[in-house]
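In the two complexes below, chain A is the common chain; its partner is chain B in one and chain C in the other.
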Partner chain A sequence: MQAAAAARPPGCGPAWLDDARHQALRAFMERGLPDTREELWKYTALRALQQQAYAPCDEDAASRSVADDLLRLDGCAGPRAVFVNGTFRVDLSRLDNLPEGLTLQPLSEAMQRQSEPLRFLLAARADEDEDGLTLLNRALAADGLIVRVADGVRASQPLHVVHVGASAGSAVGWHLRDLIELGEGASLAVVEHHVGDDASGHLANLVRGVTLRANAHLDWTVVQRASRNTTLLRRTDCVLHDHAELDFHALELGGKLARHELRVDLAGARARFASRGAFVLDGRQHADSEVLVTHRGRDTLSDSLWRGVAGDRARGVVHGRILVQPGADGSDGGFYNKNLLLSPTAEIDTRPALEIYADEVKANHGATVGQLDENVLFYLRSRGIPLDTARRMLVRAFCAVTLDGIQPASLREFCETLLAEQLPETEA
Partner chain B sequence: MATQPGEVQAALSRRYGAGFVTDIESHSLPPGLGEDTIRALSAIKEEPEWMTEWRLAAYRRWLKMTPPNWAHLKLGAIDFQAISYYSAPKNKPKSLAEVDPKLLETYDKLGVPLHERAKLAGVAVDAVFDSVSVANTARDQLAKVGVIFCSMSEAIREHGDLVRQYLGTVVPQGDNFFAALNSAVFSDGSFVFIPKGVRCPMELSTYFRINAGHTGQFERTLIIAEEASTVSYLEGCTAPMRDENQLHAAVVELVALEKANIKYSTVQNWYPGDENGKGGIYNFVTKRGECRGDDSRITWTQVETGSAITWKYPSCVLRGDRSVGEFHSVALTNNYQQADTGTKMIHIGRDTKSKIVSKGISAGRSQNSYRGLVKVEKGALNARNHTRCDSILIGKKCGSHTFPYMEVKNPTAIVEHEATTSKISDDQLFYCRSRGIGEEDAVSMIVDGFCKQVFRELPMEFAVEAKKLLEVSLEGAIG
Partner chain C sequence: MLKIENLHARVAGKEILKGLSLEAKSGEVHAIMGPNGAGKSTLGNVLAGRPGYEVTQGTVTFDGNNLLEMEPEVRAAAGLFLAFQYPVEIPGVNNTYFLRAALNAQRKARGAEELDSMQFLKLVRERVKEMGMTPDLLNRAVNEGFSGGEKKRNEVFQMAVLEPRLAILDETDSGLDIDALKQVAEGVNRLRSPERSFLVITHYQRLLDYIVPDFVHVLADGCIVESGDATLAKELEAHGYAWVRDRTPAEAQA
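Our next item is the complex of A and B:
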């Protein structure tokens, strides 16, 4: 892994970019991949990555054929941006009828044509809390998406961003860097969609920055059904200014190892963050959802509700942290996580955490791990419903609460269907 | 509270309070730690060869370890070579007149009986107060039913086989940095053995133990409850203890065999440092109980109000089927105190149950963290855990944190955790004040109500004192 990283000449853009990349690469070589001694990686080991060699890019990514069915998602008929094995595909994307005020540019194109405006992003100094993967991304990110919404613009249709993992003969490791910026009073819906048919076991390392200016509203839905061989590592840093709102939904179904570190900084007064997420795992899947919320502004609100289901030999990890900074009076934070363990070989590790440095606050969290209620199962069976169907019904109901707010309705229905298909076979 | 290593050294070598007479000690080792020190220490205590070797093995493991840094604590590096690892009782003031008047003032507030103050203040006991007769009566009573209750040094000499069989089986020598240090240099502590079927006729307390006056900074306690026996053990005292040592690293091991029941209650009120965060005890404690037999039960109850730094996680290893572990805690921090405390419940046997109730109160500029782990192993069929963590904040500059970990590997387990953090409710305060209750009294009333659930678990006389202790500890926090 490290050898692969070192072997690749990091870009050949303007001098400042090359410098920044070299610097990040050096920092990465010093730091290495995160290991389980790091608090945020306590339950997710990346040992397997170190033994795997990843091709630095897929040479044929631009020409691979991708079935249109794979890209389609109910409720997403508007603008679409498609990445295949980490490469932006203009031919598969639909970016011609963008509403006025919404600009969208692939990072690769931006770096070739006008990289200077991106200097603030690509050559920024690494934060102290950046781990090895983020540094690696800084060094190697070759593509990504720059999305900007002008002040006051309200995009009516959701932006559909598809990440496709296609079979490429050998495992490919790609690094994408996204930037989403909503101006004052702007509003946008993004649907992040991971699909794949690859048998090669790719590695995707995504780093995203999201800025919501005053009164902006972002509705973000993640539908993750990447191939069962994929390692999908994501880190998202969101900053919310005064009165900004972020509604986040996640349905995590795919991947061999799927991790998302979602950091939300409620910097402005009355900023609001709500998240609803669920993962349903079987086989040897490993999912890790980290939701790290920082209340900095006054009267900020955060509310998270996560559900996890693990069957077979799967392992689910949830970490919800609410940090209230000094001066963030009037903060109200909540994190609730419930999990179902369906098999004797599955494991759930959950950590809700509160760090409170202000006194005018309300902060609550709750977490449970358990199994389906035998009485309810018995009731359903007594009504003539076979055991297996009854189990599926209950698991579906258990997760469905996290899908409730997904917009539009057709997308929510599609997610419900996906969920039903995914439900692991339970053992009697 | 970032401290420079130099300051820590200075703090470590500093004596608590002024005005103590310096006697020339009979036995004491120069500062520093090495195999020679440990051999010398073991020789002074007239320990058998196996004990010396056991200490040395621990020391060799300790050398390879690094101090833990995961706790939510800010402290400078501790120079372990600057500490003297053995000193016989010393520096005793000859009468109450020589004791820090502030300390006496606190005793007044706590309502400590006059004759006990001298002992608590560390005045040489035989000079003022006859505790020997009380202790002797207790001893006779215990001996009649076969209970062994003595100091660890005595146990090593007289009940070597028992000690050898159980010592280090719950907290192994290399368990963690501070436990390894303790294993190498432990000074003294209590040893309790309750034979099969015996219900200990009284609450055991260090208070009644002869020679308990000076257990030193590396306390080691071992409690063994044989089949179907019951014991309740009280540690510490509500009154602030005068102590000249800055670093404390204790280890407590509990072993509960089949159907045994151990209740371990602690009130910790070591010197917390002054209002500006100067001085105070560093308290790094490893406490663990093992429910080794089926149907056994271990209950930890703690009221933590003292120490500049508290690092303490009384845990239960629920190995026996149907065993039960409980943890009830009140942790109060004020001024610049830092506490990182909680518990671990490790479910291994079938049908095991655990319950955690933690109440945190932070005031002043203090930081108070709950850190807990509930782990359900693969074979722990039908494990059940419920955790409740509440914290209140008094003041704008303090912090209150909750770090629970839940690791579940068995699908029949039910593990629940809930936590809340808020400040004292304005409505409640307003109500109390509208009924003519002053603000300070109202706060202490509300805090008392907040902690009730834990106080209920304490032996009665402790509970009464604990309430007063909270009042005293909170002084100056309001307004």
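Our next item is the complex of A and C:
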């Protein structure tokens, strides 16, 4: 990636931060971008990124105008944090009147005002399993969101986080680092929303750390409708302590290449993770959903249900891995994935994997790839429903289980509409 | 209304219909009987436009238009309805939602105003009452987990809502209990009018006691080998299909 090589880590910070950034950049230069020899990147090649030059940031991100319609999302009338081309926009955000106990700060601001408390996060040594992108993010992340919910605080309205890819005239990249921490018994709902106008090309590299203290509950919904010119790379590391719960929903519709590596560490006893996700792709879109769950605490639960739909020449990847560590006795993990191919040139690779090193564990997985049932299509058509509509109905029905749990209902309905509108081009 | 001439059709490379001719005029009810494997369902599928059913010879016109050129949904909008011998289950698609989508798609194709949800519910409630349909079935996914008889009733219920001009009932009576059989027959009789026609495929004389046909045809080995009035069904019941074969070998070749 030429842009990365040319990029300078955001400077002018405290010495420890600049050091950490330089170190990360050197490590990245040595390591390079992930390639398909790496297990978790087997089916997702980043070759195209090497051929395209992305400016390391959008200089005018702070002043780009963004239509309010683009930001709006049904069911999200409360607090809102908006990033445009990777830059926090206070003018577009709604962060006044936050409930007591919920604090929210853009990383850029925190680094300027009081960077010391962030030292543990930004100068921490890289983990072994960090890939080139994460290193690059360490070196270059200039903004992000720091969200904290105090012990016992239950935020009533969802926090709407919008990432806008706005046309910048030429291709731009950005790197964001988020930190979300819920105190003991706290609860929060986050709606992560990716939108964009069809633009000059965007590369977004997002790295998030999520910590749920004992008995905390996070409900997280991703509505991804980035522009078709966007390469969206996300990695999220979640740690759940005793009895903590994470409910994750994802509807992935946009992007040229959209990947999310969701790592969930069920560290505490009885921690629970549930995920429901779907991608619906057409054209030459590529989506990669990696859900990597580690059961470490006793009696931990994980339950994932994913649906993939690909038409035209689209390519989908689903990788669900359940790792049960020694000592995580009594754990119960499940990963179920069904996929639908709408054209002979579409492809979906699904790999569920179980690794179990504990006793009295229940772990299950299942994965299928199929096509729309011709008999069902004919039945619908024989009742007067045109082929396109019939396909849409069936795709919607196929994905419905992944949307059912989305809260509030107005957001769920909106997601259902988005999904119906997305339907891939039909082929004979 | 419907005119089939010298129809030849293949399924999976095998010729099933071998020169079938049949004409049904407006307002007529035609019963089609015949041994298992004769091609009765094949005829229904060819008329409804099922992919994979290849017509190799012959013509079918519906209201003077070439039916074989139309997509299945266009045939439906033109007023053709097939009650399937084996209705499929459609998990995840709500029965009421489906039926409204179907009705409105047909109305739209015909240039008629679409029904809003109030108007549609009113219509559905009326039909539920008339057909003795179990309302619960409407809130479930289409045919999913329905009993055999419930599936058949659902087919006839759809017919009552969609009000086709030509309805083909493929063994809709099989698997129905006696009360359901009567209700289905009443549903058909209620729709009978000078503008509508029916092709009723059945193995049993009993249905024809309730839906008295204008004509009865025997379909054997891909052709109509015998036609008559309602009394033909009674003869068949008494003598079996061998009797037709023995009696009319020459016609069977025609």
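Assorted remarks:
By definition in this document, the second predicted complex is superposed on the first by the 419 of 428 C-alpha atoms of A that agree within 3 Å, B and C clash if a C-alpha of one lies under 4 Å from a C-alpha of the other, contacts with A are read in each partner's own complex, and residues count from 1 in each chain.
The criterion applied here is as follows: a contact is a pair of C-beta atoms (placed from the backbone, for glycine too) under 8 Å apart; a residue touches a chain by one contact, two chains touch by 3 or more.
Not measured: the values here are computed from a predicted model.
Residue contacts after overlaying the shared chain place A:S108 against neither chain B nor chain C.
With both structures placed on the common chain, the touch criterion links A:S410 to neither chain B nor chain C. Within the superposed three-chain model, A:Q23 lies out of touch with both chain B and chain C [touch as defined at top]. Touch criterion met: A:S382 reaches chain C, while chain B stays clear of it. When the two complexes are overlaid on their common chain A, residue A:S167 makes contact with neither chain B nor chain C.
Once the two complexes are overlaid on the shared chain, A:L394 sits against chain C while remaining clear of chain B.
Residue contacts after overlaying the shared chain place A:G366 against chain B, while chain C stays out of touching range. Looking at the superposed arrangement, the partner reaching more residues of chain A, out of chain B and chain C, is B.
With both structures placed on the common chain, the touch criterion links A:L342 to chain B but leaves chain C unconnected. Those residues of chain A lying in contact with chain B across their complex are 39, 43, 326, 339, 341-371. If you check the complex, the residues on chain B that touch chain A are 70, 72, 376, 378, 391, 393-423. Put simply, chain A touches chain C in their complex at residues 373-376, 378-387, 389, 393-394, 396-398, 400-401.
Looking at the complex, you find that chain C touches chain A at residues 48-52, 71-73, 75-77, 81-82, 84, 87-88, 90-93, 98-99, 101-103, 105-106, 109, 141, 158, 162.
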